[in-house]
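Naming follows writing order (A, B, C and D), and every chain is counted from residue 1.
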Amino acid sequence: MSDPVLATHGLMKSFGALVATDDVSIDLRPGEIHAIIGPNGAGKSTLISQISGGLASDAGRVEIMGQDVTALSTAARARAGLGRTFQISALAMEDTVFENVLLGVIGATAGAWAMFSPVARNRALAERAMAALDQVGLANAKDTRCADLSHGQRRQVEVAVALTLAPKAFVMDEPMAGLGAEGSKALTGFLDGLRSEAPILLVEHDMDAVFALADRISVLVNGQVIVTGTVAEIRSSDAVREAYLGAAP
Amino acid sequence: MKNTILASAAAALLAAPALAEVKVGMITTLSGGGAGLGIDVRDGFMLAIQQSGRDDIEVVIEDDQRKPDIAVQLADKMVQAEKVDVLTGIIWSNLAMAVVPSVTAQGKFYLSPNAGPSPLAGQGCHPNYFNVAWQNDNLHEAAGAYANTASYGNSFILAPNYPAGTDALTGYKRTFEGGIASEVYTQLGQTDYAAEIAQIRASDADSVYFFLPGGMGISFLKQYADSGVDLPIVGPAFSFDQGILQAVGDAALGVVNTSQWNKDIDNPTNAAFVESFQEAYGRLPSLYASQGFDTANLLISAIEAADVTDADAFRDALRAANFDSTRGDFAFGPNHHPVQTIYAREVIKEGDVFTNKIIGTALENHSDAYAADCKM
Amino acid sequence: MIPERAINAAVICGLLAVPIWAVMADEIFTITLTTRAVILALAAVGLNIALGIGGLVSFGHAVFFGLGGYAMGILAFHAQTFTPLDLGLVSVNGTKSMPVIWVVATAVSALAAWVIGLLSLRTTGVYFIMITLAFGQMFFYFTISWSAYGGEDGMSIYVRNGFPGLNTLVPIQFFGLCFAALCLALLLQWRLRGSAFGLALNAARQTPERVETVGLNPMRLKLLAFVISGAITGLAGALFADLNRFVSPTMFSWQLSGELIILIIIGGVGRLMGPVIGAAIFVALEHWLGGLTDFWHVWLGAILLLIVLFGRGGVIGLLTGKAGPHV
Amino acid sequence: MSTVLIIEQVLNGLQFGVMLFLMAAGLTLIFGVMGLINLAHGSLYMVGAFAAAWVAGATGSFLLALAAALAAAAAAGALIEVLVIRRLYKAAHLDQVLATFALILIFSEGTRYVFGSFPLFLDIPAYLSGPVTLPGGIQYPFYRLVLIGVGCVVALGLWWLTARTRVGIQIRAGENDREMIAALGVDISKLYTLVFAIGAALAGLAGALVGAIQSVQVGMGEPVLILAFVVIVIGGIGSIRGAFIGALLVGLTDTLGGIFLPELFKLFMESGAATQTGSALAAMAAYILMGIVLIWRPTGLFGARS
């Protein structure tokens, strides 16, 4: 077993009396897709925010490639190798697809302080952006404004932006949300191939996608990981059944 | 606002060989909060022009909105586009400071119908600048002198925290021989004076001197009257003017204030002015109207004596001040500011209308404290 | 619909043509008026970088305008009175040289923008609008009671400051200087908008989370934009002071901050030429409406209302048929 | 400085704060429910004062004048809501700022057109004028005590309105979720007009009450408007409770700052300079307070955490 790319150790977060995440320790190994599932309100979104740096944890640690990033900002964690996509698309809607992906390249090359040279004409940067767009199959739509894209296409742009960062690990928050059956299927195929780039921590409601993609699954209930295992183990777990369907009579 | 008024156009048909036409630029406040003062100056000025029946004076009037940068821009326009010979009209000291040095430096004449900031009376004086109203300190000095004759021994004095405010308190202290119980600076534009009135109540003063022009004075007087504090108040005419007295109401009754003009000054020019102003505009003239009227008459007297293109002769004609002032005697001191008598007046009610009545003389033939600094 | 480039070219040509015509026709005041529009446009170009690209609705940009003005006023005051300016540790002489004044004005404004930005950027939305307004009011009240430099009366500088090789007292030459400054600022804004920084800043306005997840710090982007913005507006303040040969606390007033925002909205938020068109229209309205009636503010208000209600995207939005960025 | 004076100054601060609250309550209500920045709120204050002065002049009755102020400001508020504001709810903050700024211009110059350029007369009625003696021998103007009372009654009334009535429930629902109240079958545009009119009426009431001890003139609304914004930002935009606390804080800071800062500076400065420096700082005090609060809590004391 190789060292994990991304790991959490005993993450805690509570909002007043509500405990959102409680002692969550999970890891993400090279080449795998690790899915996090759980009922609504289980603390999945909180966990994602804690990992990506949007929320400060009450206790616990986050490590990327063995480096403790708990005290780092979102931006610093991104530079450390965390590529994140959002549940509700966080794209610059007024800008074109190309410009959004270019933003990722700028972030990856830390070149946002160049203030006078036209960035769109920088061939090296443009090529990296186009490569990412090619990879997600959106090269044709590069001059479309994001506001005019379909849901599925926006997901693809999200992934393309994350790709430009050449991340050590992807963290994806419900990428299938809002996609039709066709869209989910296409994206599932794409993510399947993506694991060779970097492992994916996948929070997802779409069980077909999860069961098709995941190497391992962790089930989060009331802020706690009640079980982690392979697809088969999860399918047969009584604890999971209980959490989703209520205790057996 | 632009009004090009050719006084008495019909007279132009008569073939009287007039001197060169004189163009006057009036920059004054005609919109916004302080518009009342500018309107009075304009109306007084235009009344005198009309009464003169002259067809050779053209007056261009513009509204400065009480903004210094607009005033400067208008002054540029008057000089560059309208090519006026004489400027006048500015109400506020800060606007005057912005405009006067620059236009006099460009060789134009400026006749001030209201503002008289101290720098322009002292080191910054200029041969082409004539103040027809007063140096800013004058009415305050007169108030100090009145306080002496009323044998006040200890005054509580207050003014807004801006240059004219500090000048006011300095002016009062210059002539007042009693002690100062406390000296308070309020915020410019402040509308609530409860805190200051409480300080007055707690002090051991036997009199109150305040300089709060415009709406500030209205607020102070109303609140003071309601507070139950009954120390006598003295102020300059600015808070007791015809335009705002009606808004103060009973609260102002009996208060003594100092002014170089009042509608009951007994001379034929003044009587005619008060009557014709009321006839023309349907209201009693104010201090500002009288200053506008005097400014126009000074100008006319100079035009009659000299050609405006001959700057030296025209300046001498202005300096002679050979006109009938509504104030009676009028003369310029060496720094082109008035040497004049300043009266103490009391607020009274005539029928339904609040107005002032002269009760005595505060300072006789008074000049100003800065004339010695003026080298011209 | 007209392409934006054609509009931009027409605006620049118009701005040049008017004063040239004025020189031929000996209408000197028209040059002064155009210069005023150019300087206000410069101030608004500064604000537009923070507001239009970065989405920072600053209701306190008069601070920088005023600081630029006072930098000019104080330096020239000490030069014309031959008194040294005491800065505590060192004392320096005043100056009547425009280039020196401009450097000081931009530097002081940039420094102030850095401090104000650092504190204000902790807040967003309406809170940001209000905290910048609060800083404006602080400076306003401070200068009103700062008697050393004239307090509310302000300061008159009797002769316009000099620029090597030019006679700035000639209106058309001073106009040329201001026009050159505006062109430089426009060039800067244009290059900025197309640069990596501009792209990141524009994204930070729309979606700060995204900018963070690609490893950039949106706060620093916005802060830098605010500093550049303040510096340009500060330069405009110094030029404005020289146009009027006068500075006063009204340069710090909240009405002025509001006017700068209005100029941008009239022309088109975030558009390169938005502030220029806005300033030209505003100065023209002020001048012509003021000549028509005593109560011209009513008509100005009505026109502004019509622009908001029916002209989304300002004049440029109207002409190009494209909505501008959403702030 | 005697205790009596300090108590009197605290009362003054409270009275100022309570009047600010009348302005701020309407602003914060309108922002909370409709998300609108209304710069023209100061104009509604002015409308109230002018209506009161006009009716008081015509009838001599202060109560009728107050009623007129409420009615005129509410009517003006409803009118601009229907004609202008309604089109701006979905617009960017910038558009709202510009449109309501335009309304200020129209109201101010329109009022000057109708009533002329000189201040109007409005006075305290005889039965409310003069000082009363409070326990401890403090002489205090009766009218100002009445103002404090009226302000507190309005604050209680607003609390009752939002917490206990059907309209209040709708208003609170509207703050949280517009679709929700539409789903409840509430006519949202009527609700908005109502809230706007209530806010306007409060501003008008403040204008009339304050106009009686100040100067009723064009432009009287703007200084109060800016301070009212300071109040709601300190309190947290949308929170009535925040507006009340914020108003009292600003009222007390402004009043007590004006008194104590010059005294403080006199301890180590020459008297004249101390008074000037102290006054200058006092003028900035409310804004400094707001800056500190926002740096400490970026959404105000009672604002929703984002």
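Everything that follows uses one rule, which is that a residue touches a chain if its C-beta (ideal position, glycine included) is under 8 Å from a C-beta of that chain, and two chains touch if they have at least 3 such contacts.
Here the structure is a predicted model, which is why all the values come from computation and not from measurement.
Think of each touching pair as a link: the shortest run of links from chain A to chain D has 2 of them. Common neighbours of chain C and chain D, by the contact definition above: B.
Among the other chains, the CA centroid farthest from that of chain D is the one of A.
Counted by C-beta pairs in contact, the busier of B-D and B-C is B-D. Rounded to whole angstrom, the centroid-to-centroid distance between chain B and chain C, based on C-alpha atoms, equals 36 Å. The mean-CA centres of chain A and chain B are about 75 angstrom from one another, to the nearest whole unit. Chain A and chain C have CA centres that are 43 Å apart.
Across the assembly, chain D contributes residues 108-109, 112, 276, 279-280, 283 that each touch 2 or more other chains. Multi-chain contact residues of chain C, defined as those touching 2 or more other chains: 141, 144-145, 147, 295-297, 326. Residue numbers of chain B whose C-beta contacts span two or more other chains: 31, 161, 166, 185, 187.
This structure has the following touching chain pairs: A-C, B-C, B-D, C-D. Residues 1-2, 30-31, 62-63, 67-69, 72-73, 76-77, 80-81, 93-94, 97-98, 101-102, 105, 117, 161-164, 166, 185, 187-188 of chain B are the ones that touch chain C when the two sit in their complex.
The touching residues of chain C, when paired with chain D in their complex, are 51, 57, 59, 119-120, 122-127, 129-131, 133-135, 137-138, 141-142, 144-147, 254, 258, 261-262, 265, 269, 295-298, 300-305, 307-309, 312, 326-327. Against chain B, the residues of chain C that register as touching in their complex are 27-30, 32-33, 36, 141, 144-145, 147, 150-154, 156, 158-159, 171, 240, 244-246, 248, 250-251, 290-291, 293-297. Here chain C touches chain A in the complex through residues 191-192, 194-200, 202-203, 206-207, 209-217, 221, 224, 325-326, going by the rule given at the top. On the side of chain A, the complex with chain C involves touching residues 52-54, 73-76, 78-79, 82-84, 86, 90-95, 99-100, 102-104, 106-108, 110-120, 122, 125, 161-162, 164-165.
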